[in-house]
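Right, I'll just put the structure down here and ask away after.
Letters A, B, C, D and E mark the chains in the order given here, with residues in each chain numbered from 1 onward.
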């Protein structure tokens, strides 16, 4: 499906790089269990890609692999972000290289207030949105800035997790089920924000169970099943393809 | 007189009034949905019902008895089970063991577990656990270490653990968040089926309107710690204030 | 068999065989050979192996299952010893009442200490138990001397009353601990072609009790109670909302494990009727923690292995002095001999602590699950040779398809 | 009255030692959540830095003095330190006399290096391992470090006196209007107290006025997420370890004149310092310091004859008794934070 | 009897602290044992065998059997010490156990040897109890005891500091400390001193400041530190730190006394011991023939002079060997009988008696003082007086030693 990106030294990178983010032949393991089984895909700059699939398909595993977390272990494959070899980096280097992940269980840091959670994101460069701007986007967080992050309501925590990613100047935003636990109006709000930052050139991978919503927003969709890619195409194609929708998305 | 009667409950967190003058009555054998914006106090209300929090004032009666001042395990033994917003399971145990513990708790009570008889020999309980796992389509994962399951699976396991106790009142805090669409539909069917088969009352918090409208007999809308309206699903759908403050496009 | 699953039955049978054949297994080298230094098959050490095994099994019930790390368990061992020696002083030299009383006393103290300490969890619990044990130790050393005989340790003497027995034997010595006349310290040595094996009454009593203790522990591990204890470790919150009150169960297991410690203490006093306060010091509590972790916390047999490991080093390695080393390497040319001995010298004899410390580090670095994991790795490596094995086959299906 | 003032002074001084040791421990244990049984060994190595510097300064060559005989009747070989040759006898003696204060400078790089090596080489692999494994490995390490010291320095205490000017004691009582000799206080202990205050203040300032403390706290709660925010948490943990080792070492250097260092002095303090940290509350630096002083003062009071005659043996158990009472009345010690090592 | 040697050799068990605070002392004891074995087997210069009044030992081992030995670690804990001794008896077939450097351990191991039926030749143990209420028929002590320390020290103290003194005692809170304190108090009060206070200090204490601070204000003008080992090093260091020795109380110089000295501990306390009185069992600077021979052969082999612990262990080994030789048997009962009431000389302390009633040796006791100008790192103490044996003797039923019962000797299996 994909060709291996050519990042050899002499080549003109801008031309040879087929994509902004390239995942090439990635194999990920949790200990001995083999989860992501050799996937390839490209994401172009400014695109929103929806990553879909059933529970346990490996979506989270894929995002975590790209973010270079310690588990799962990527045992083979390459990940390139804007000509930088992510697969040789550790997670904090990947983050400095411009990657931002909103993890599925939000991972608000216990013991820190809302504001401290956000400040923490602005210690290492590059720094993104200012706290004021974030509070403007999520007024709820502004109200609760002195409260301990983990005592926020489920939805508020989700907002904090997203805000924390935006507090850094990132190039690629990985969202793992960002709408989970959010009231419908807030989901609308966040969708708007995603569109807005997309216009400013942000590249996004969105994992979401509400496939219809995700596909309305996304340019492209990738469908995972048991650790392999079973579909990679435009969002419209998915919406048209009855079989695909029924088999993998139950919509 | 409902099976669950919440009267004039107030709860403050420091300067924040999380619940004020909440009154709620849940009729036996119905599904009562509680919806509302993030941070409205829905989870807080549930916490007051199961003994995780003690309201500052007000009363909570279950089946004619007060639950206030009782320990969580006593409340559970009264017949109330709860599914949490973020999955709470026994991560170090296998799926099957996770199922056995609630069964033992129900059969032997809070204090009388056997210390010498083997778990293996409890054929009857095992078969009940297996039947329940079958219902949530997780029987194939019975020997899995539950911490290494995907998030959707954890949620389903937690729900199965609550259901297998055959509670009289089941409290569900966003049970389908993060569940694949197919499983969400399954869950709806399962809950419906259980409701028909058994005398069970459910209180459910959900942001997924599809779930809410498929299951609920009554809906209470909570906003900023006070009930805004309580009505039938149809009327709620059409309620202009609710549409504006909460539902947004989803309606 | 015995109400155990298949795997547990195998482990249990292995334990029985190991315990009963220990006099052979622990004396693998002929008496005259220079390696005889490594033989551990003499009564005292064999008894220590199984007694500390019991102690560690009991500790593991608490720590391995619930994750509550008690840093004061040695206090129960010490109390058990004192109780047993008092029984020898007051009642008779029969070990049965002594052992029973030691379990009861330790159990009673465990109820009190457990009730208070279990109000906290994690490190706060550990420090509470530590504080109780250190108080017991310090008091036993000083103020409580009338009961404990202080630093010297409580001993039996010629003028103890022993109302059911006699204060002194006919020839004027102190009577010996016994089981209805069977003397604990009696042993027979059997010589077989250069090897000699010791069969000691005391050891076999300890071994039988250890087997029973092990059996009870296995049953508890596999029971609903054991399962819920593991659930406590995993997620207490969920347990409360599932209708179980964790507190009485943790207290129960704390008391059970305290009684195991008391039993071990009682047995120790039965084998050697003396009880000293050092038995209650934090280092002694720390030792059982180390034994359990070293062997493999939460496993059935690990703690016993850990106990054996540490006691072996303490008793065997500390006795290797330079003249023993010279004996071993006498065959080497002089210069080389001295060189080899100079290298080994810091690690044996008075340097046995160094070796033990290094072993702790090596085991925990390379065998995260303790010695049991070492065993598992070996057996896995052996099994890997057989392709028809199920485990290997199912693993293969996880491998990448190419 | 005078007895009480005396014991408060004593307690404050003892407390400053406890606080200083606990401070180092709490950086690793209370903050990083690593159960470091090797902390006592670091304290001990600090004290041995003073001993070592003393040895280095007194490096000698031997001069045979025919007029005197040694115990076997051979001519006596007298050691003459090189510093005496280089700087003259008087200056040389002064330099040797000041060995302990000089050792402060010497110990800082040494201790930081030890801390960093220890963290990079060993502890790093144990952050994610159970506390039990940490106990085993650090205990093993502590034994090894002790045995190494014992191998080179023997098991006996080694006298390491403070400079001559700090000998003797200061008469506080006269200052407060009491008779002479009623409330006296050794000079070196005053120095120790001031030094402890300085170090404690320095560490607090470092953690308070930089984001370092927050980052480390966050990293302990959730390393993964902190990494996702672009922060190299490993490096900060290493720095923290170096800092903790340096604090432990300094506490040890300054303690050397109070009690002659021996190879197991760390183990003697180990349990006590864990108690202090936990009573102070996990994750709280001020808590550890406060607990150090509280326990120090109470211990001093308990050793008063008036109290011992009412409650015999109270001084044997006071620390543990107080620890139990505090932990039962305040669930997380004096100032502990929620969720730190409570599982 | 237990462990009757059958082959061409006999095994002795040397049980000393090899780890823990007394490890150095243990190491020195071990050196002495090795030296003794070497001499017994005819190696080296023969040491004190040449000066020993009994001439049965001839360098051919014991009863013609080559002497071998095993070593073990007591860790200064009774449990570990007993385990180690048991392993020597059960595994290695030792007929005699010796060594140790604390009274608790000595009493524990002595009890064990009694039960097992082997001879115990105590090493360094100073408590009255070892040959008092805890005495055993199979156990023998060459070292002196707390009572003897006090009896030797008191007259010297009277001479130096006068009759009119007020003493303040700090006492390690365990059996040895108590017997030491009791003895010193009795002896000093007998010559007119007053005891102002006796404060017990926890064994685990490392910082004694809070115990020392009130001393000056108590009206006392002498501080007696009934401490040993690390306790003594620390309490003395602390006391000097508080400047006690520079003070004047009741118009007299404030003084400190350390009843039991050991050279190793004196070294630990460094400068602080200068001028402080105490007692010791033996000192290498003694000029009798036995001491000179021993220092010569020990010093030649190891390069430094032996400690009193080494001395007592060496002597005990020779005494045992000699007793076997004289008895013509290794049977503990016969050996014991040969030791009981044995009078000898030439082993460094002048004419000595192994009293039959309690198995305690009676000999001269040394009163020493920390030396002002030491010439080497071993030259820390100077002998002030050699108190003659008659002055430190006491009746077997002296109240401080009462309550025990030797029992009958046990030859074991």
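Convention: a residue touches a chain if its C-beta (ideal position, glycine included) is under 8 Å from a C-beta of that chain, and two chains touch if they have at least 3 such contacts.
From a predicted model like this one, the values you see are computed outputs, not experimental measurements.
Listing every chain that touches subunit B and subunit E alike gives C.
When every chain is reduced to the mean of its CA atoms, the largest separation from subunit D belongs to B. Rounded to whole angstrom, the centroid-to-centroid distance between subunit D and subunit E, based on C-alpha atoms, equals 34 Å. Per-chain Cα centroids separate subunit C from subunit D by 34 Å. Between the Cα centres of subunit A and subunit D there is a gap of 48 Å.
If you average the Cα atoms of subunit A and of subunit E, the two centres end up 76 Å apart. Residues of subunit E in contact with at least two other chains: 23, 27, 173, 200, 202, 204.
Of all residues in subunit B, none touches 2 or more other chains. The set of subunit A residues touching two or more other chains comprises 33.
Partner subunit D is touched in their complex by these residues of subunit A: 67, 69-70, 90-92, 95-96, 100-101, 103, 107, 109-112, 116, 119-121, 123-125, 164, 168. By the touch rule above, subunit C contacts subunit E in their complex via residues 39, 42-45, 48, 138, 141-142, 145, 150-153, 155, 157-159, 168, 171-174, 176, 185, 198, 272, 274, 276, 278-279, 314-315, 318-319, 321, 323, 349-350, 352-353. Interface of subunit D with subunit E (complex): residues 2-3, 6-7, 9-11, 13-14, 17, 68, 70-72, 76, 150, 154-161, 167-169, 181-182, 184-186, 188-189, 257-260, 262, 264-265, 268-269, 299-300, 303-305, 308, 313, 315-316. By the touch rule above, subunit B contacts subunit C in their complex via residues 50, 52, 71-73, 76-77, 81-82, 84, 88-93, 97, 100-102, 104-106, 108-111, 113-122, 161, 165. Against subunit B, in their complex, subunit A makes its touches with residues 30, 33, 53-56, 60, 104-105, 140, 144, 147, 151-156, 158-159, 177, 180-188, 209-211, 249-251.
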